[in-house]
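Shared chain: chain A. Partners: chain B in the first complex, chain C in the second.
Now for the complex of A and B:
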């Protein structure tokens, strides 16, 4: 119990992951939505397509746009800060909701 | 603090309007946005008066980032900026970025509340010179 208390008092890194199941993957519009959502949290938030990284700043629209991850890729999130848990939960939820995109819309 | 505004200046009204449509649909309504394009007679060109009106329409206390296409779009935008008072001039930047992609990226950055210099920097990061 003592060890758990000690670790809880440190700034923990929160982690989460979700698979891209929308048809276009992490293309232009999903990238914009992901960045906007990340920017709405104070925490430092990173994204990767492998569990070990390389990690990319989730708040950078340019860097996220360059990931170009196709459907079927798993996105890994790491966040640290006061609202880290909420940030990771919200980003995982966004991916799982397929970025609220109607699949019949044009690609991108 | 208000979000930075975005102004799109193209020789073609269709390009300018289309780029603005992309910003609205991809980024949303949190960013002031206006465009200027064409010579006013349905032809290609840019017009200082139209650009001034677009800057007014997209004006934000946080400033305005302008995206341009070629030649005259940039020089006429610079001319429009020079016609404004000093206080406003200091809060307007012309981004060295592709007009469509730059507008979407700049607006995305602006929608998160980033200051003008960061909005410009992010737009220019897309395709470094």
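Now for the complex of A and C:
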């Protein structure tokens, strides 16, 4: 699933979601990758494990680690700001790429 | 000082010989200023200094170590980590107390996580906490240990590990700790032998120590004879390791061309993150006791399902044999096993316990049935003594499977086999309608010899090389062939280089062992010639 396209208004919220399929879920390394990617965008970006929230700051590794999301959890993203659409698309892509870790964890 | 022999959980293999060194616990002594603004400034500075020091370390690290340090830096740089401490400082608390208190709460949340992976991260948070406390009290207080020393500590923080010079060798002995911690991972990557869970260790130590990380054995202040034995074993090990490593990913085959199936034993799924499934033909034993935490809480169906599913996904189509809860005997579990039995090894343990706690057992069966949809799971019941126990397991499994279907939950009905460890089951195997059999050589040996391995004065009698044990194993292998049922062996003997040839001669063709034993086992198998007949002493 990819970020939804929508016509431009600055305050419009962009949304996207993806399932965690890497072996140990949103653990240390993926959390760092996710927050670093989020920080590279200007937009306010939030992440949640349910479509209704609660929403947490996608740029905070401390808050993301507190969620302790295991494998199989769906992550929902919401972003608002100039580069919101690109941010959501990039984050969804990162999760779908298993944070580029599949090989290291020995999954074929 | 007299020789002291210690035994713990292997966390990183390898041999080491060196001077003992007790790592002092770092203590913070810092006089508070009494001014909230100054206290806040002190904490802010300490956090910056700690994260700069970590970033410095990161430039010399690579791979997992660099990732781990990157994680700590990211956490430290996140204001969310310190906001509670700054709030407490504003209310008048000294910086170190505010920081320690807020970090302790954060750490506690990790310690109580359901997921073992997240629980293990509590050590990283402790590391972060202590690094900042060090900076608050004016930098690292403890002098670095001498290079090549054998370190003794309660636990060891990853950043402290990285700050130590390992180029001259050395090893780590921890009274607590876990093989799945970051520091254990770092030690394995760096080739530093490490043993954890050793219990009480000397607080002051001089003299030398000998460490065999792979077997979890340490000898403090060794006598001459122990030292000679150690040196000989280490030399032999070096040569063998080099040859064995070449066979790691190859199929196991005897010198005379018989194929041998190699399975691995899994005590903790985290072990699998760092090994390739290509080294084995499947998982022969998953010890599900790890699911039950020390605080006495039981894992729910969903948590178990996730773990089992992860195991079959790792195995990528290879069979995964999961043993139902084997509590009791030497594996007590809080709120579950029966306290005060006069002889726990002859008491309510294994399947006997599961059958009197069907509420818990059915949860495990449901989770297994759901996970079996994702790959070839086999269910193995421990301590089965009479056929009706197996029949009851089958009936309960069928009921749970039907129940899941009725609820519209996808599930599969896995094959069900038994451990052969009670002599009664071994001698009357033909009466058991099992889909497969797996010899639990540890218990079978102690029940046949009537000698407990954990009782020092009779431990020598509990020898799987006793002809009675080997003859019984040969009987089981022969009987399995007659019944056309797979027979494997999953006790410690299965990975023991000294025993593997005897087991092969007894007719065993499927061995399950710790992943670290696989390379050596394949080497021993490749050097064994079989005559085609079952041979026992």
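What we mean here is this: the second predicted complex is superposed on the first by the 91 of 108 C-alpha atoms of A that agree within 3 Å, B and C clash if a C-alpha of one lies under 4 Å from a C-alpha of the other, contacts with A are read in each partner's own complex, and residues count from 1 in each chain.
Rule of thumb we're sticking to: a contact is a pair of C-beta atoms (placed from the backbone, for glycine too) under 8 Å apart; a residue touches a chain by one contact, two chains touch by 3 or more.
All values reported here derive from a predicted model rather than from experimental measurement.
J.: First (chain B), second (chain C), both or neither: which does A:40 touch?
T.: So A:40 only meets chain B here.
J.: Given the touch rule stated above, what does A:23 touch, chain B (first), chain C (second), both, or neither?
T.: second
J.: In the superposed model, does chain B or chain C contact more residues of chain A?
T.: C
J.: Return the residues of chain A at which the contacts from chain B and from chain C coincide.
T.: On chain A, the overlap between the chain B and chain C contacts is residues 28-29, 32, 35-36, 60-62, 65.
J.: Enumerate the contact residues on chain B facing chain A in the complex.
T.: So the residues of chain B touching chain A come out as 26-28, 104-105, 108-109, 111-114, 122, 125-126.
J.: Using the touch rule from the top, collect the residues of chain C that touch chain A in their complex.
T.: So the residues of chain C touching chain A come out as 67-68, 70-71, 74-75, 78-81, 106, 109, 113-115, 117-118, 121, 124, 272-277, 306, 310, 313-314, 316.
J.: Under the definition above, what is the set of chain A residues touching chain B in their complex?
T.: 28-29, 32, 35-36, 39-40, 59-62, 65
J.: In the complex formed with chain C, which residues of chain A make contact?
T.: Touch residues, chain A against chain C: 23-25, 27-29, 31-32, 35-36, 57, 60-63, 65-66, 68, 70-72, 105-108.
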